[in-house]
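Take a look at these structures.
One chain, chain A, links the two complexes that follow: it is found with chain B in the first and with chain C in the second.
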Partner chain A sequence: MTVHTKGSGTTWVGRSIRRLEDPALVTGRGRFTADMPATHWVRFVRSGVAAGTIKNITAPEGASIVTAKDLAKLKPIRPMLSKFNYVAVGQPILADGVVRFTGESIAAVYAPSKDQAEDIADQIEVEISEGAPLIDAMDALAGDAPLVHADTKHNVIVEGRIATPGFEDVWKTAHKVLHVEARSHRQNATPMEARAGHAAYDGSTGRVTLTCTTQMPHLTRTAVCDILGIPESDLRVVAPDVGGGFGQKMSLAPEYVLLVWLARKLRSSVAWTEDRRENLIASFHSRDQHVQLEGAFDKSGKLLALRGDIVANIGAYSCFPTTCGVEPLMALAELPGPYDVRAYDCRSRGVMTNTCPMAPYRGVSRPVITFVLERLMDKAAAAFGIEPTELRRRNLIDKFPYTSATGLVFDDGSYKETMEMAIKAIDLDAFRKRQKTARDAGRYLGIGFATFSERTGYGSPAFAARGMEITPGFETVYLTIDPSGFVEARIGSSPHGQGLRTSLAQIIADEIGIDPEFIKVVHGDTDRSPYGWGTFASRSLVLSGGASLLAAQKIRAKLLKMASHFLEAAPEDITLQSGSAHVIGTDRSVTIASMARAAYHQTHIFKGEIEPGLTETGTYDPSGTFSNACHVAIVEVDIETGRVEMEKFLVAEDAGLIINPMIADGQVHGGVAQGIGNALLEEIIYDETGNILTSTLADFLPPTTREIPEIELHHVETLTGNSITKAKGLGEGGAIGAPAAVISAINDALSPFGISIDEMPATPQRIRAALRSSGKLPSNGKTA
Partner chain B sequence: MSDKTDITLIINGQSYAIRVESRRTLADAIREDCGQTGTHIGCEHGVCGACTVLVNGEPVRSCLMFAQQADGKQIRTVEGLADGDEMHPMQRAFMENHGLQCGFCTPGFLMLAVGVLEREPDISDHDLVDVLSSNLCRCTGYQNIIKAVRAAAVEMRQS
Partner chain C sequence: MKPAPFTRHVPRTVDEVVSALAEFAPLDGRILAGGQSLVPIMAFRMARPAHLIDINEVEGLDRLAVDGDYLSIGARVRHGAFHKPVIDGPLGKLLAFVVSHIAHYPIRMRGTFCGSLAHADPASEWCLVAATLDAQLVVKSVRGERIVPVTDFLEGIMSTSLAEDEFLAEARLPLLPDDTKFGFYEFSRRAGDFAMSAALVTYRLVDGVIADAHVGIGGAEDRARRITEAEDVLNGQAPSPELFVAAGEAAANAIEPLEDIQTTAEYRCDLVRAVTRRALERSLQ
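Now for the complex of A and B:
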């Protein structure tokens, strides 16, 4: 760890300073939603079946219960897309006559304590006439499939197609065609803090404060107020310390709407803390996709054309604000990855089923499409008899800006450089030798490479292109030096573990010459922060960082102007550093604190040439940028048990200028660990009746220290013109590349068996099944 | 369910006389009856370890223990780690090594690591990784948690 020395003359950006967030969190002073006391505690009564019609709800005498008929005036959650044959379906806050997935809320009960509310909920009897549930998206596609929503014509709720002109002509010229049929099973983002909400009514103003575990406080306010039909000024939304989100907390929880409604009705405070079972079965799920992908290659192994068909199981409803188009449409636009391919024909559909609704999860579709595309590249490499890295070398983009077949513009990156760096650092040749020796001894080691891009920091045009009614784009920062001389930056982003307060303070510090410890970054409170979009999609450092820089540049200009009054020197001869303005080459200086005081209390000295006060606003809405990386996994597969041991993981990544290396590395570590879990362990399993078999953390398995190997990191910093701070985002990259690298390594290890594992997670059962089907297991009696 | 019993929890040296139902978990009692919300609840199934506290020096998953079972015992939580403004070496090591991101799992990891190292100061690096596998973190990928605990172990041995 680099410990900073004050006034060392170097910049704050680029240094691993300690996080400003940490002292409270390591001493138990963090404030999480579930820590707040409340007068009433809510427990949701959830459906035990996946599909059916509610016949009757019976509550015990005196129970306080809310059902759909109490909420008749509320609008349903109905996010919109104007393109891609999107069919808008509504989600009621409590199931209104029909239940569409196991875990859907049917009623809410409330009582003075959590335990009492649970006791009452247990006594509520719900009579449901069960229907036949649709669990797999493929079944929901069938012509005679029942409809999840009776008011739609079919279960396909969103459908996109991109086909480049002359596709078939290119396809015909192929020397080799490779095919992958891949399955990505359902996963849950599983933040360690499940969701929670607390709504408190203020009798004197009639306002409600909703404290909740959201990644998007402002949009939560808009959504709840729209549904209730109340002015936004009547609701304050606060995201206090939030225990991780990974996308699950960016989508609107219907439960929060109920809490606000109930707080207004009772004129009191009401709270709900989701338990882990609720979180696993009924929060949001992700990544349930079937992908067919074919690639046409010329003689030299150059990819000529890609043909794809993607089916995403989006569950029973469409999540707000992204809509359920987020997975299928991102997959459609980004499937070609970082490879140069000019011909592309792909269809992508989002299909409704009687399962928990889909929402974004770190990387959204990219962990899936990267895994599938990299399987294709590995199969092609095998078909051409070359190293997988050599095939990638022949196909990775290397001229920028590069406009993809789907119209995405890639800014400067280092796709080839990071791969070469990774090959060298892992010593591929040495590994191949070791692999051979091990194989001769009956041990199966494998290496897998994944090269990919991570589109980040995109503003409103990118969302508009998707046809979204809500285009979460710009970010705004209000930057103030108050009369005390301390700095406050109020931001619209809503970090929840990313260390953004520290990174933004570093960016601001360099500009205004005040150390980060004096800069407070305020977020997650709609009363205090400017309207913004929260934290998701690896965007906050690019967008809020850019907006912070713009605001800080304005403050800097004003400070220099003021200093020139005080110091009687030209602004260009003055520097700002360590809290003071100095005339270069002299010992003349004035503290920024005294200038700040004057900006409010002594404005007459500027003779009307400088406006009173010291607040500036920065807003940033860029077109977006692409980070990139190469991930390498080394595994050993035990062919008798199907167990995969991770030996090593290596990342060579490029996220532009790194603001705080310690924080950046931490983001990559966390993403990679999640990706390894996604690749090997994590799966939400429904039985055929729609019941979930993985409703505890002992069944849905996030990895522990035992499954995560040492992660070695290498960096390239390509300075892009597409981000004014030169920083690209990197919150998702770890999770995007890791599944592909791990599964590739497993397949490499098992190549002697002539099998291909094209399923995620690659569990021991699946590996064993594939090995058994190969008929090539040694016949030592242990192969049953 | 309303058979309540009077018990005393001694948390970080302070006594809390509370009345609890027999089903009340120690985690809920610490958080709700005694107001010490630094101890977190991540699953209530005994899997995640977020609720780890020390009971008579031993790391315990407080969601799996009834409050009544801790009656009169010495309980240490994250709030009691620092000595006034002087942080515990484990807390400092977590900050210096970036052993936390969202901080939700952190109290559990801190208490687990402190409990284990106080009992077994010379635990091997390998065994330490094994012990730490009893708690879950979703943010850090564990790299820096392991680094932090190793750094604190060295410091705790020296002091």
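Now for the complex of A and C:
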């Protein structure tokens, strides 16, 4: 069920039109990287050990093989941060003498088919002198731990601290202090399509076209060309249909660099399709964090101060372009969440280990810090003897703009309103009665609330504040009405499932009076689209939407001027609708198609007053805006087995003006499903030797439709001045709030046992172990 | 993720199967039935048979019929054949209830009953059914045929008493008397996942007390088997919540639990206690 607070009017914006992307995708006509034929197929030979020194690589007679010594002229992948004591470590394209994680590429072989390449790779023998691997970040921090990279101290690659002045004075005034020690285990974003790349050399131009399943084509081009030392004009990067990314595909895959290098060397086409095992062990991981958090509250339950210590296990290398600072620094800046707290002292470190490198994953740290902060709020509510929602009511921000203790500026939002809406919709009082009845019968139901903010659509200053050498900020849109009267919007964002083509077409349609079906949005091709940053961080609708609006406003102004020529009326008396310009209150009109034709072929009729052509550019670089939501989970915990059954999930959400409600709902649904998986199921597990035990989808467990309950959505639309379309981003919110809500619900269900589940995923084994430790289990498991 | 090279052989008769096995088993040959376990592990190159003897074209092996007092299940009978009761009476109902727990629909349309037994995954539902019901297994080779009780067939994790040149041609499940009650309960992380523990119980009620109790546990030990300690608790007693709790306790105490990095012996025993009691509760529903 979906409840929208704003009805649809005569505009395209606000309507659930069907996605323009879908006909091809649902009829098998999508075009994915792995569909492309190639002359040579690459298979990577990957390390079977987590740490060691390569002694020898032996290939069978006649095998085509590439090793690090062939790539001596290539620069390593070395993303930069200028702040936070960042140590700029480099990642070779193929392991150069040292292996640092299980799954790291040591060599690449190529053959005329995928199967042959795999057979040859199978025969490559790699002799490695094994070292002692570091798997857990806390072990890596120990004084006597070996170093994953020699340049770091205690394996710390990045360290930030924010401490507000006079913190200790505030802390001393606390009435109650609550403490949470939380653990978020490692996860893999698991896009349905794993990574794939195809590089084809063009003999006549000397250019290479790299087709790959990326979220950021232009950054891929920049990175590959920097590493190879070639001009960007020699490389075209194409992202065709991409089967999900979730952040895993926004970081540079070293494999793609190898493909381009090899295509140039062979003057041919080469391709690689990652298999699921490679994806699970050697693509990027995330969310492996230890967080300590203390909160000081006054007598009334008002949060006075937060003290935290965050350790993020970032793996063996630092990802390009964000650097591995993305997790620890995001956590550092956003830990206080949507609560009004003025005193803050937190340290956050990124720690290197012999594990697969970390990359952003939908939500980036916020699923973890929201879970930890909401645990703190729930514990405080219990300590004060009040409903968790009441404690939140006393602490949520409600005056805007609000500048946080970490210097973030929150624009207009509805933190309290969405929570009140959720409480009403879920009928909290009725649930409490049902919960009591169930408990009397030996059944343990629980409800969990998570209130949070989702920072979206931030421009270059926000990234500059983090000290990033590359500050992904602005977006540009080239908008053209061609002589045929059709519209083409070429964008720098690179959507891969978000429905952005449809949403942007709706924004443009309202401005220029042409229906969305005649508006083609072109993306994912560096030859066709303006330099842009791709799609990540819930940014594309705000930034590309804003740039689309700006470009469309210019086109609109020009169309009105032209129409004024044709219709002999003042521009302000003319409207654009359904493909024509109309003089208001008359039956006089001219089609936009005929004006477009004239703009190119009949320019003399404008007597030099209007420039030829019909192309405009819009560029948008906003300060950023915060979406917000309240998530509610209802669960039942089987205390005999520790199993959690999801009964219901509810989201009351505010992402500003909703462009396409159906698409917005879909984003929330997908994010919540991932969040439930994070909370209950998904975990990458290494053994002590650094081998991954969860290298198949029989062991790493994303949720299926059977594990996802009904999701009820409610929307509030707070119109912000921080986004010219009034839309905020919402790509990550589902994944940010759901884990906290689910864990909170589990803890609510188990409150009679006096235990606290502060670990994700909350597997049945962990829950059952905690229940045992409580000493309060009934002997037959049936009654408390 | 492609298998290492292999040669596929496609015999048409059981005689051709056993002679192909005699020839190729010593050369690292294996039987391919539904392939729902073998093919994925070949794709991971964890199994690298040089020869596959594909029995999917063999005539007669798709036979599913009652012979006297047992149900005969040929080596090509797919899981999906049991979606609806294959015979009247409790056995058909039992198999139809259990089959819905096996993986997912597409897998059930391809994987085979006998293949599950020969693969001998401790979590296999069919291994649990065979063990609980005292199945007899018909094993063939060029040397002839032998009939093996399930207790002598399942030897451990993915391990059976099949000789190199033998294949499982048929499984025989004893028919259950019409007044047989049964209950099955499985615990897995997600719908369709491997069971972390499962219990199957059958018994008859004679004058209000339990007779001929069979309590089978799967997924918890290295193989599925009957737990006589739990059966002893039940036989001769009237069903009651307390009795079922006691049977669960007996089962949990009797097993030698599998452990892994996530799952302690203690937790596995917790699950066995729960699934046994719940299977018994279901037997009365």
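Rule of thumb we're sticking to: the second predicted complex is superposed on the first by the 767 of 784 C-alpha atoms of A that agree within 3 Å, B and C clash if a C-alpha of one lies under 4 Å from a C-alpha of the other, contacts with A are read in each partner's own complex, and residues count from 1 in each chain.
By our rule, a residue touches a chain if its C-beta (ideal position, glycine included) is under 8 Å from a C-beta of that chain, and two chains touch if they have at least 3 such contacts.
From a predicted model like this one, the values you see are computed outputs, not experimental measurements.
Just checking: does A:Arg276 make contact with chain B only, chain C only, both, or neither of them? Give me first, second, both or neither.
After superposition on chain A, A:Arg276 lies in contact with both partners, chain B and chain C.
State whether A:Asp115 touches chain B only (first), chain C only (second), both chains, or neither.
Touch status of A:Asp115: both partners.
In the superposed model, which partner reaches more residues of chain A, chain B or chain C?
B
Between chain B (first) and chain C (second), which, if any, makes contact with A:Gly666: first, second, both or neither?
The answer is first: A:Gly666 touches chain B but not chain C.
For A:Leu681, decide between first (touching chain B), second (touching chain C), both and neither.
So A:Leu681 only meets chain C here.
Let me test your reading of the model: by the given contact rule, A:Arg706 touches which partner, first (chain B), second (chain C), both or neither?
Both partners, chain B and chain C.
Thinking of the overlay built on chain A, is A:Ala698 touched by chain B (first), by chain C (second), by both, or by neither?
So A:Ala698 meets both chain B and chain C here.
Of the partners chain B and chain C, which touch A:Asp22 in the superposed model: first, second, both, neither?
In the superposition, A:Asp22 contacts chain B only.
Between chain B (first) and chain C (second), which, if any, makes contact with A:Met421: first, second, both or neither?
In the superposition, A:Met421 contacts neither chain B nor chain C.
Output check: A:Pro764 vs chain B and chain C. Expected answer is one of first, second, both, neither. What do you get?
After superposition on chain A, A:Pro764 lies in contact with chain C alone.
Does any part of chain A touch chain B in one structure and chain C in the other, and if so which residues?
Touching chain B and chain C on chain A: residues 114-115, 119, 275-276, 696, 698, 704, 706.
Inside the complex, what are the residues of chain C that reach chain A?
Where chain C meets chain A, its residues are 1-2, 4-5, 40, 44-45, 187, 189-194, 241, 245, 261-264, 266-267, 270-271, 273-274.
Can you tell me which positions in chain A touch chain C when the two form their complex?
Residues of chain A touching chain C: 114-115, 118-119, 122, 275-277, 638, 640-643, 681, 685, 687, 693, 696, 698, 701, 703-704, 706-707, 763-765, 768-769, 772, 780-782.
List the residues on chain A that touch chain B in their complex, please.
1, 18-19, 21-32, 34-35, 37, 114-115, 119, 190-194, 241-244, 246, 275-276, 496-499, 662-663, 665-666, 668-674, 696-698, 702, 704-706, 708, 710-711, 734
Can you check the complex and tell me which residues of chain B touch chain A?
Per the touch definition, chain B meets chain A at residues 1, 21, 23-24, 28, 31-32, 36-45, 47-48, 50, 77-79, 81-82, 87, 91, 94-98, 100-107, 110, 129-130, 132-146.
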